[in-house]
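Going by the order they are written in, the chains are A, B and C; count residues from 1 in each one.
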Amino acid sequence: MEKSLWHHILQVRKKSPLVHNITNFVVMNNSANALLAVGASPIMSHAHSEINEMISICQSLVINIGTLDEYWAQSMIQAAAQAHQLNKPFVLDPVGAGATHFRDTTLTQILHSCPTVIRGNASEILALAKHNISKIKGVDSTAQSNEAIEAARSLTQQFGSVICISGETDIIISENKEIHLKNGNALMTKVTGLGCSATAIIGAFIGVIEDKIEAVVAAMALTSIAGEIAAKTAVGPGTLQVQFLDKLYMITADEFTQHLQLEII
Amino acid sequence: MEKSLWHHILQVRKKSPLVHNITNFVVMNNSANALLAVGASPIMSHAHSEINEMISICQSLVINIGTLDEYWAQSMIQAAAQAHQLNKPFVLDPVGAGATHFRDTTLTQILHSCPTVIRGNASEILALAKHNISKIKGVDSTAQSNEAIEAARSLTQQFGSVICISGETDIIISENKEIHLKNGNALMTKVTGLGCSATAIIGAFIGVIEDKIEAVVAAMALTSIAGEIAAKTAVGPGTLQVQFLDKLYMITADEFTQHLQLEII
Amino acid sequence: MEKSLWHHILQVRKKSPLVHNITNFVVMNNSANALLAVGASPIMSHAHSEINEMISICQSLVINIGTLDEYWAQSMIQAAAQAHQLNKPFVLDPVGAGATHFRDTTLTQILHSCPTVIRGNASEILALAKHNISKIKGVDSTAQSNEAIEAARSLTQQFGSVICISGETDIIISENKEIHLKNGNALMTKVTGLGCSATAIIGAFIGVIEDKIEAVVAAMALTSIAGEIAAKTAVGPGTLQVQFLDKLYMITADEFTQHLQLEII
């Protein structure tokens, strides 16, 4: 798998997929810049009046519920259903899953369309599984990695999604694979929206790469390594955001390969 | 008071308050980054369907009416009422007070919930007092600092709020105190949302610090000093924004203490 | 014309026009920062309840349909009509024209108010003309510059607007003039919202400069030259955005004049 990841990065640059984003207000600018930096073309659109047309012209869809309201929830549910019907891959970022009843019921409706990928932190993956899969036992609110892996497996089985549990180690799970990525830097958690940028970048990769688990691994590795290299010379979170975008755009095969810390379980 | 300010900054870093923001589209990204940089955890959420639950899990609330519309106005009024009922501290940034009838009537409804802190420029504080307190005499549209101080005193008496009049000198007023802060740099006015970031940071401090006037002074001093230091090496407003976030995150006790220009009236 | 352009830039700095923006979520922060950097004062507001009042206090209006929905479409149509009635200049950025039926019908209604300026890429200008002017022949979806020039001429004739076709060469067209600008740098296309920032800056210039085609040329030249100079030392798109804002704020008469590549056809 290691060898094909850089090839996937080049494919995204070459094919420049059109990625439709229904994402949150806080990170729209970051996400669009991250997509441009990896070579994709972002579209941001949420109007009920045009969602179906937008889905039909894009290669993939990104749904991020960070700042959802009733109107936007409908946009997301409609977009997911349309993507499912047209066989367009889509990634779901269940920001704040478990925090409110509204988030959980919206997520349940989006899950009906079987996301190609779900990317969230351990708490979110646990909350998602707990709310949607009856077999899951009650879990502590402090999310444990092992419990999150169980939850991810359940979600994979039920919805056929590749699950990415993001954290110090990113864990990517499909029906028959489990991959651990140990790249990144703690300073990245001090910049808003780097996780959401990762989700957007996953959106670009699943729009181009056939093997969806490889697409997710390539996207997450690219994001984490770019952040890790940027953090080496960043003074703080301000310079990290700037240098992250530079590195996402300029990263070389050597830099990528030398930093990659991948473990296939 | 000088001695306790740095202690308050450390407290925010240590306790990492969860701060709920209903703020404007322009500054959501800055505000979230500013909150992360001082050690707080931002939540941005405005859906009527989840506001009450969100308020209940957060330590404090930030309301900024910059880009309000009818839906968001209701979100803000509802959130303020809920915060008031649950005794959660909240800060109001009355952006553009006095500019339109809609802003003024929305602000009146938010004021019913007695904001813990109100932070605005002299014009906004004057407009707020003029519209809501009958005793205030008519004031010129060109806001004078002295008139604004009178207006701030009236608002403090009526609503019990700590008032922060931001400007070249920031003036912070409670029922029995008046404090002047002379930090900052003129270039900060050329970066959108640094004032709104200051409001968000106040939100973090009132979520952790019991003495609300000290919380406001610490938050404003931290913001202004970080901007002042960043401006020394900034080329223009682009680099200022970046270096401001870096400094907010990295500032030391020595830097803070050596720059602080505080006057207790 | 070359000689008056720098004078126009100084006029904007001196008069600091209040510019009302109804723009898209992705670029609100960039646009506000770009307006501040050139010396203007940005207002962002879209509530139906206050649009008419806002228009009346501003010198000009910017409409950008990037992330429109039904509510925002109404805001834009109402604002355009009000600006037209009060003789306030306004600029339209028809982002994604031709992509969906909803965009096209919204644009048709905005066009009724005869925008002072329309700025878009070749595809958008073609789509706008095709949808609104029956005389235009069917055009290929891959936009050709020459066809776009024909489309721009038709739009100018029908609506009296100055048209700016942005691209590697920016082409600015009025009823009796055609001007080509060859500044800029390809890296600028890798930063989201630089085109939208150009539109916002046009908004500032038409609020102050009487001769509208000169206002557009000055705004576009300033934007492109600032980007071109910033790109010389930028590492990638992250540093480009930062240095672009610095340069927009700090550019000198010499830098501007030495870089200007203007051709009057």
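Rule of thumb we're sticking to: contacts are C-beta pairs under 8 Å (C-beta built on N, C-alpha and C of every residue); 3 or more make two chains touch, one makes a residue touch a chain.
Computed from a predicted model, the values in this text were never measured in an experiment.
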Report task. Answer with same or different: of all residue numbers used at the interface between chain A and chain C, are over half used by both copies? Result -> different
Report summary line: Cα rotation angle, chain B onto chain C, in degrees to the nearest 5, is 120
Requested in this report: With chain centres taken as the means of their Cα atoms, state the distance from chain A to chain C in Å.
Outcome: 33
**Report entry** Interface hub residues of chain A, defined as touching at least two other chains
**Finding:** 25, 29, 241-242
Query raised in the report: In their complex, what parts of chain C are in touch with chain B?
Result: 25, 28-29, 32-33, 36-37, 42-50, 53-54, 57, 71, 241-250
Report task. Report the residues of chain B in contact with chain C in the complex, numbered from low to high. Result -> 24-27, 29-30, 66-70, 73, 96, 99-103, 189-193, 234-239, 241-242
